[in-house]
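Both of the next two complexes hold chain A, though its partner changes from chain B to chain C.
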Partner chain A sequence: MTLSLTYFLISLFFFTTISMHAVRKNAILVVLYAVQSLAVVLLLMYGAWLDQSIILSIVALFALLVKTTLIPRFFGMLISKNLITFSSSTYLKLPITALIVAGLAVLPSTHVFAPLLAIAPQHAHEIAFSLGAFFISCFMLVNRRDGMSQMIGLLSLENSIVAFAFFAGLEQSAMLQIGIIFDVLVWVFIATLLASLAYKQFGTLDTDTMRHLTE
Partner chain B sequence: MTSTFAIIAQLLLVPALSPLFIGIIRKIKARMQNRHGASIFQPYRDLNKLFHKDEIISSDATFIFRIAPYMVFAVTLVVAISIPIITTFIPHFGTSDLLAVMYMLAFGTFFLALGGIDVGGPFGGFGASREMTISALAEGGLIFSLFAVSCMAGTTDLLSIPHALLAYGSTATLATVLAFFGFCVALLAENMRFPFDNPSTHLELTMVHEAMIIEYSGKRLALMEWASANKLFIFIALGANMFFPYGIAASADLSAVIISLGILLAKALLFCIAIAVIESTTAKLRLFRLPDLLFLSFIASSLAIIFTI
Partner chain C sequence: MNTLLIIIGAPIVAAIVATLSKKITAIEYTSVSAIILSTGATLFLAPSVAKYGIVVFSSIFAVDALSMIGMLITSVIGLAAMIYSVGYLRDEVKKEIIGHSRVRQYFVLINLFIAAMLLACASSNPVIMWLAIEATTLSTTFLISFYNKATATEAAWKYLLINSLGLLLGFFGTLLYLTATATAPETFSTWQTLVANSAFLNPDVARIAFVFILIGYGTKVGLAPMHTWLPDAHSKAPVPISALLSGVLLNIALIAVLRFRAITDATAGGDFTQNLLIALGLFSIVIAACIILIQKNYKRMLAYSSIENMGILALGFGFGGVATIAALLHMIYHSLAKSTLFLSSGNIFLTYSSTKIAKIRGVLTSLPVTGVVFFTCILAIAGLPPFGIFFTKLYILFAGAGAHPYIVATALVAFAIVFIGFLRHATGMLFGEPTEDIIPNIERDRLLIAAPIILMTLLATLSVYLPETLATLLMNASKLI
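Take a look at the complex of A and B:
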């Protein structure tokens, strides 16, 4: 049962990470990020329950508030305020994107990453999924032209690191975790503000187009 | 109830219920469009009407045009007794292997396309061309999605897979989800549903399946329509029993088979609702966009196999 719950959560996490590459609507992207974050938060809650730690439970609740409520709310406001319904296209076409995502998903299972999987052999599959999600999120950062998708890609990357740390047993102290989550919240606040200003100025969040624009 | 009765039950069940599912999908679509819609039994009335109509066959038609509807319909019946629909307690004829079933379905599609191009009409020609393009691209995703569950079950015998999967356990969640996604895309493509084709249009720019059967009339058209409904039911049954193998009868016990039938109908209804919702909320994709979606299905199914192994 223990194995099934963590496996289910990391599977959900991984599936949402893959799905982010297939969707075009920004609103769905935000929902996928919220579901992905929920999977991570549930993992943290599960860890807190196993350790019978109140302070870790508070960290998990803080993560729940920030990652599944506040951040999606910020992005929702950005979408509705600027009417950014659809994200811009990707640099690579969907079949090539899917092929690369498949390759990146399998990459952590190769012998190159065996030392990392050996950190916690009982969670080798989960660590492989976390690393796969890490690579897929990195790929999202470079493949998407849209600024908002890149922001979500970065947040997905952060979630992947949290999931990896959870399964590898590399969790830091509760105060440090709260600090990181607070940093993420501040970063999202500033990033959405900057994105909103950039959209007002240039009328687009397509980074490829913005490169050719001048004041 | 012996295994012979199980075969007869499945053989009769597929053609008996398949028009009902078409009617249910149409009814749900109508309701979603704020229309009252025809009765869910309308497809039965349509088939009855067609069976009582005279046929007009082109003077250019060869014997292929005449036998194609029988071949296409017969294939669906052979597949119906080769896959687990209400029970797995069916004698093995060697046709229940995964690849055998896939190639039987491809055989039916082949005759459907031959029937379409036989009379030399332009509609039949482009319809067959589009159908074969989509089928060829969907084949990979379909075979790989079912192969993923075969890998979990350790057998390619479709009749053995459901119970082997139940014993496999819950660690296959992600692989199952990916394979199911791949299968669903292939289901829509193989049955020419949205976003691959609009089953209710006769607009020359968009039609695929309807273009192939446009030269048919009367009894042969009825057989083609019925075979198409059978194929959809077969795919729904495959999806319901391969990916959610709960409730399927492992023996030929009458009560187990009746419970299994009830569960299958419930699962099939969910599939019908999902298809109707997809058809009501998505637009038909351009032909050149279809390979992207089918390739995604193939990749998802391939990933499912890798995660299973």
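Take a look at the complex of A and C:
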């Protein structure tokens, strides 16, 4: 029962990560990020419940507040303020993107990453999912032209690392976890402020327009 | 603990004062006083670290020789940058380029930036070090976009995104190393416990982890091909920030790589990390050399020189042996020379209002002191004797010549290209007659002259004389890598 719960959550996490590549509307992208974050937070809550730890429960609640409420709200404000309903296109066309995503999804199962799956053999499948999401999020960062998608790609990458750490048994102490979540919140605050500034100056968040600084 | 509290706490207090105070003079005095206090405490701590090898403050804070070198570089260059900032910003306010609120914002952020770098050095826990290095990214983003121009925003955006991606990869690598202590009872893993437990780390996991660390923190170091953010950020930031970014921050990130390298070598042998460091080091040197030769912007030229010097450091640490000590010494010399160059380039910018090499003529006539300081440090950074950089480069190349002759030969050619590039650009800027519209009154401001002169004097002194404490720290640090 517990195994199927964690398996369901990591599958949901993985599915939302892949779906981000197919989505063009920024608002849906934010919703997908919130769902992905919720899956991670539920994993953390489950871990806290298994350990019967109040402090880890507080960490999970803090993550819930930051990742599923505050961050989507920041992004929502950015979208409505700058009317950036649609995200810009990708560098690669959808079929090629889908092929690369498929390749990245199976990459953790290759022999190169076998030592990482062996860190916690009982969670090898879940670690493979987390690593797959990790690579797919990295790809989103380089394939999207839109600044907002890049920000969400980066946050998705951070969620993948949290999921990996959870299954590999590498969770940090509560204080450090709170520090990391706080860091993510500050990062989003700064990134959205900078994105607003960029929108004012460039009239778009398409990073292709940022080509003034070349040799 | 009190000493460390002063070292890190003083800039934080100055940042709080800058947030709350509305008087610019009070903010300036507090910021300079705080960094003087912090530097004094760092210098006070250095002999103890040299004597005992490591000074442990708590379960998460300990200063060893490598940390101490990083902290000394941070505080000394931080002090020079802070003094210079006062004069630089006063001039910009006078010219109505910025307003008082921007000055306040600047001092809040620069103090937080310095505190974050000191925290990164003093932390013995890899995750706290990561958090502190991430804090340097967050505190400097709005310093890079300080002038609110489209190009500055573009540079800040690239800086934030690329560095954050790099640091997340670095964080992933960090977590992989923690598998060595996953079963240990300590709440916080330290560099010392990680090295001691390296036998429990799977060598394959260590190799994968080091690749992530090198790509991740290597992005922050500015090693090619992850260097793309660096010339943009360093050229768009206000010059005291460029001095700190080039002269200090790159070294702090490199220290993080070296910490993980020691764990990897203890687990998987030295060849793997050695080859990676040599490859990225040489690539950085060659890329930087080619671009320096054709560069049109003097701030970007200095930024590419930082990439070249980070490459030299990677090469030195890759070669190992005597090259390790030479690389550590090179780190100090480069920090001093590059910061001096950035600060003196600030005087050139304030006078000529341009960063284009073609538009700068007759600096020796219009700004004689700045011109001499700039030219001296150009010669130093290009590796001309009797400056220390000549000897550190020589030792690094000698150390690698036996085992890697082709790499050394390629590096030597690249150094020659850099030398030609620097000399060509510098002579064009320094000699000739300045145009008539140039008003050379910058050097009347002692703050704008004092900081570069102090750093250059320190560089010249350390080139011929190494204090015993510093020599001991260098020897001890080389044993940690």
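Just a few scattered comments:
Rule of thumb we're sticking to: the second predicted complex is superposed on the first by the 211 of 215 C-alpha atoms of A that agree within 3 Å, B and C clash if a C-alpha of one lies under 4 Å from a C-alpha of the other, contacts with A are read in each partner's own complex, and residues count from 1 in each chain.
Just so it is clear, a contact is a pair of C-beta atoms (placed from the backbone, for glycine too) under 8 Å apart; a residue touches a chain by one contact, two chains touch by 3 or more.
Remember, it's a predicted structure, so these values are computed and weren't measured experimentally.
Overlay on chain A: chain B and chain C fit together in the combined arrangement.
Applying the stated contact rule after C-alpha superposition, one finds that A:Y7 touches chain B and leaves chain C untouched. In the superposition on chain A, A:A191 makes contact with chain C only, while chain B stays out of contact range. Seen from the CA centre of chain A, the centres of chain B and chain C span an angle of about 150°, rounded to a multiple of 10. Counting the residues of chain A that each partner touches, chain B and chain C differ, and the larger count belongs to C.
In the superposition on chain A, A:F15 contacts chain B only, with no contact to chain C.
By the document's definition of touching, of the two partners only chain C reaches A:I161; chain B does not.
In the superposed model, A:Q172 makes contact with chain C only, not with chain B.
Per the superposed model, the minimal spacing between any CA atom of chain B and any CA atom of chain C is 24 Å. Across the complex, chain A is touched by residues 125, 127-128, 131, 134-135, 138, 141-142, 145, 148-151, 153-158, 160-161, 164-165, 168, 171-172, 175-176, 178-179, 182, 187-188, 202, 204-205, 208, 231-232, 235-236, 291, 294-295, 300 of chain C.
Note for the complex: chain A touches chain C at residues 112-116, 118-119, 134, 138, 141, 147, 150-151, 154, 157-158, 161, 164-165, 168-170, 172-173, 176, 179-180, 183, 186-187, 190-191, 193-195, 197-198, 201-202, 207, 210, 212-213, 215.
Taken together, the chain B residues at the contact with chain A in this complex read 170-171, 173-174, 177-178, 291-293, 295-296, 299-300, 302-303, 306. Of all residues in chain A, those touching chain B in their complex are 3-4, 7-8, 11, 14-15, 18, 22, 93-95, 98-99, 101-102, 105-106, 109, 129.
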